[in-house]
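There are structures below to look over.
The same chain A turns up in both complexes below, where it pairs with chain B and then with chain C.
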Partner chain A sequence: MAVRTFLYGSLSILAILTLFPLLWVTSIAFMRSPEQSAGTPPLWPRHPTLHNIVNIIQREMLGHYFLNSLIVAVATTVLSTFVAGLAGYALAQVRFRGRRIISWIVLFAVLIPSQALVLPLFEMFREVHLINHYAALILPAAANPVSIVLIQAYMRGIPAEILDAARMDGAGEWQTFFYVVVPMMAPMLAALAVLTFVVSWNDFMWPMIAMQKASMQTLPVALASIDREHYQEIGLMAAGATVTILPMMAIFVASQRYYLRSVVAGSLAD
Partner chain B sequence: MASLELSHVYKVIGGRQTVLHDINLIAHHGELISVVGPSGCGKSTLLRSIAGLEEITSGDIFIGGRRVNDLQPQQRRIAMVFQNHALYPHMTVYQNLAFGLRARRVARSVVETRVRRTAVRLGLEALLGRYPRELSGGQRQRTALGRAMLRDPEVFLLDEPLSSLDVPLRSEMRRELMALHKSLGMTMVYVTHDQSEALSLGERVVVLSAGKVQQVDTPQEIYGNPLNRFVAAFVGWPPMNFLSSEILGTSAMDLQNVEYGVRPERLMLQQHAADDLSVSGRIECIESLGGVWQIEIIHNGARLIARVPPDAALRQDEELRLWFGRADLYAFHKTTGARVKVQR
Partner chain C sequence: MKSISGPLFVLPALALIALFVLIPFLGVLGLSMTNFDIYVLASSANLHFIGGANYVHLFHDQAAWQALETTLTVVLAGVPATLALSLICALMIESIAPRWRGLFRTAFFLPVVCSTVAVAISWRYLLNTHYGLINHLLVAVDLPALNWLGSPTLAVIAITVVVVWKGFGYGMIILAAARREIPEELYDIARIEGAGVRQQLLSITVPILAPTLGLLALLDVAGYWQLFAEPYVLTQGGPMGSTMSLLLLMYDRGFRWWRWGVASALAMILTVIMWLFVWLQRHTKTSWREG
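== the complex of A and B ==
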């Protein structure tokens, strides 16, 4: 009982600490300027207004950057999840020459910090004239070693007999992958897709360097320059932050039920 | 339907461990062969090699006279029921059954009729919409069986398909399997680690130990005429009693370097024939199994088990002499374990 109370208590405190700044920023986004600029803004807008939101979308072309971010994040998510699914499955369940070495290389790649990649990546993409293209943001993220290692570990837990059964059933490699393997790793793929989307959406350093043309910038980068220009207009900045956070909130809420269940239950003799 | 032949099949793993050692075996057209052996003796590896899921190191495998070494599993016209069912967890019973036909691009209407016909045959028609996790052990078993049947196999491989079921269900499924074998007339290889299951199901039985075939014969011959000590000890429950020649005393035949064996159910409380042999010992324990009693006697530290009709006169810790006919005495070479013929 005491343990329960303690658990719920500490989790609630954690939740409040995490949510409070988010909610406050959202609330500031709906305040009129006299309210926001009077020292510390209040917790709740006295006269709610959409002024800031409309302003940032119309005046600062936020919709344009939003679209850039969306294209990059969606493409990255789809491509990276697909690659991680294929690679993780192959490394875990398909016998081929060099599998161990490749596994080690992928595992090693997890250790490389993304900051260390910025310079070589920039050189490479300039060489092939892809700076200021969406590809500059999508391609480096397509093969994510962390995702591959996670899928590989997950797929090791799936009994090889199910895949053998598919082979005996006459399914080809792709049929087996799409109709048997993918559904079995769906919860893992969903979780990874959400994580990949969030990471891509929030990414700052590489997009700032790779997208030098203003029209190609992603939302966080664009927002940073808006903030620099209008640092007194706290309402405008809060509106930008709110617009940035909302899609991710929506994705989390919509997808959480997918990655919380186990699929393998019941296929095997206990 | 087709015959199955294995000729000098070896499977070596990692260049060192010989999992299958010179396997020679013929399953005739329509025959039900059971393969039995202790855990780890290579039964699953044998089936997986026949199925083509495992590459053999050397030797040949023929199905219907055709060499299949280089054929993919789906080209071998073989179906396999796995040790753990291995149903597709995210598919309903219907989809599990239909998957193979779909993969082979059979027309939807044909799939429908064939799946339904198989489902009816196995009593699954009410469960077609369920997922594997919503099925009982027996229903999962039937689904796995149905999925294998729908592959139109010429040879049907079953890897301990009943090991996960409880005892009453197991004997029921065993009868169903035999009926199925009869009606389909298919060549079947049935793997089990349960010797009684192997004897009751197989028309012929293959006893496997440490990757080597010990004996291939009818159940009667395997039980009554084991070729070596391993087969003698492995087949039959309770296991055969092994005695040194000293225990048998003066009445024994004078063979050198042998170990004798006699089955618990052949030991009798009375002498029947003039030349019957006997052993005596102190009764260590009496266990009533209903219609029959199981008695353990100890003689010079050696333990013997006998199955005898209930007898109120038997008392624990008393001396007891047990008799058996000369024909029921087996002899095995002490070092090689090979059967030695005794003069009868």
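== the complex of A and C ==
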């Protein structure tokens, strides 16, 4: 009994400590300015107000950045998942010359920290006049070697006979891919899609470099630059942080089943 | 099955990886051996190959050593702390009734999915010297208020805390999944033989989870090694450069001073040290197996 009390007790305390920074910032977002500025803000708004949320959306155009983030994240997710699905399947289940070498190239790409590449990437996109375009964020993020490795590992577990049967029925490789392979790896693709979406939404360094024009910035980038100017306005910044994290928390809670599977698959693919 | 579709299916991915990973990587390597700076940007006639001069320059640059030390400190303090917290939470979650597990898993994992910029802004309110909640609590129990983000040592500690807080939920999920794979019979046998909880932990759970812990250590090292947004928002690298991470220094040299040669050399050093970590992890893993 004592053990159980200890377990539930310590887990609850840890959970509250973990959630506290997220809950408090959400709470501050709904406080009136005197509550925020007179010493330590209270835990709970005494007179809840939408003032800060309205302010950050109207005055700082957060809705606009929200839309930028959404466009980039959706396009990145669709492109990256499709491209990785095709490649992962081919590398695992289609025999062709050069397959081994390509698998090694993909593995090598996994080992390169993407944030170390921002200088030449900037120069490349500047050359082709794509700085300040959505493409500058979508294309590099769609080069996702980790997803390919994961799908490859997942597809290796599927017996080749099933695929051969489909091919014997006269289905071409594209038909086989769309009607047999895609349904088979749907859970994995869904998991990777959620993962890619979240990573794209939260990406910071490269979007900050590639989007020099304010109107093209994504949410985290805009939030960081609003923060440089208005960091004393606690309520306003708390509202900005809340608007940025709430969609991801909602997506996570709604899709935990898939999302957590991809996280686990990611570690077991080793 | 031999056909043209294999190469065709791989082509888009290969093209993207070549264009946005391999070529930029060669670019960094090349740039790191040139004098590329603001004058070259004005006229490419000024561009010269200077061999290892940027690396020599960095070797004598106090700021580079400081950044290396800061980043290493965050990794060496943050990774063990993260792994310990991940493991403790995973094992506790797996010991409670299944219907409560989802709730705690969600709670511990939520920081992982949140934007670093946004959570850094939240943490600034907890850490603020004047109105921050942490100092409020310290004062309430008669301890002195601390200048968390204003003192070099405390700022590094604060950033490590934020990094661990944001990261440990990831390992928790993976370790919980790995723990579920351990057959309960092993524990039954141990109990029959009179092993206590601590003995079961040390002789069953930890050895079986060791490879997973090793892999997590690698993932955490690779992630924390690329520390950027936390110091960017919380301290801008200050006070006195104490929280300047390698990437933040690269960004500063590259996009504030346009010294791309030096910044690229920093990027190469960052990459190579990360490879060292990977090699080290592989190496220890094999020796465990052999031993």
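The rule we apply is simple: the second predicted complex is superposed on the first by the 240 of 270 C-alpha atoms of A that agree within 3 Å, B and C clash if a C-alpha of one lies under 4 Å from a C-alpha of the other, contacts with A are read in each partner's own complex, and residues count from 1 in each chain.
Simple rule for what comes next: a residue touches a chain if its C-beta (ideal position, glycine included) is under 8 Å from a C-beta of that chain, and two chains touch if they have at least 3 such contacts.
Remember, it's a predicted structure, so these values are computed and weren't measured experimentally.
In the superposition on chain A, A:Thr244 makes contact with chain C only, while chain B stays out of contact range. Looking at the shared chain after the overlay, A:Ile105 reaches chain C, while chain B stays out of its contact range. Touched residues of chain A were counted for both chain B and chain C, and C has more of them.
In the superposed model, A:Ala2 makes contact with neither chain B nor chain C.
Applying the stated contact rule after C-alpha superposition, one finds that A:Pro220 touches chain C and leaves chain B untouched.
Once the two complexes are overlaid on the shared chain, A:Ala166 sits against chain B while remaining clear of chain C.
Contacts of A:Pro183 after superposition: chain B is touched, whereas chain C is not reached.
Applying the stated touch rule to the two superposed structures, the overlap between the chain B and chain C interfaces on chain A comprises residues 164, 167, 172, 263-264, 267-268, 270.
Chain contact summary for the complex, chain C toward chain A: residues 1-3, 5-7, 9-10, 12-14, 16-17, 19-25, 27-28, 31, 89, 92-93, 95-96, 100, 102-111, 113-119, 121-126, 131-133, 136, 165, 169-170, 173-174, 177, 212, 215-216, 219, 222, 225-226, 228-229, 232-233, 247, 250-251, 254-255, 260, 263-264, 267-268, 270-271, 274-275, 278.
Here chain B touches chain A in the complex through residues 48, 51, 53, 72-74, 78-80, 82-91, 99-100, 103-104, 131-135, 137, 140, 147, 151, 163-164, going by the rule given at the top.
Across the complex, chain A meets chain C through its residues 4, 7-8, 10-11, 14-15, 18-19, 21-22, 24-25, 28, 37, 39-41, 83-84, 86-87, 89-91, 94-99, 102, 105-106, 109, 111-121, 123-124, 139-140, 142-143, 145, 148, 163-164, 167, 172-174, 177, 198, 201-202, 204-205, 209, 219-221, 223-224, 227, 231, 234, 237-238, 240-242, 244-245, 248-249, 251-253, 256, 259-260, 263-264, 267-268, 270. Considering their complex, residues 159, 161-162, 164-172, 175, 179-180, 183-184, 186, 263-270 of chain A touch chain B.
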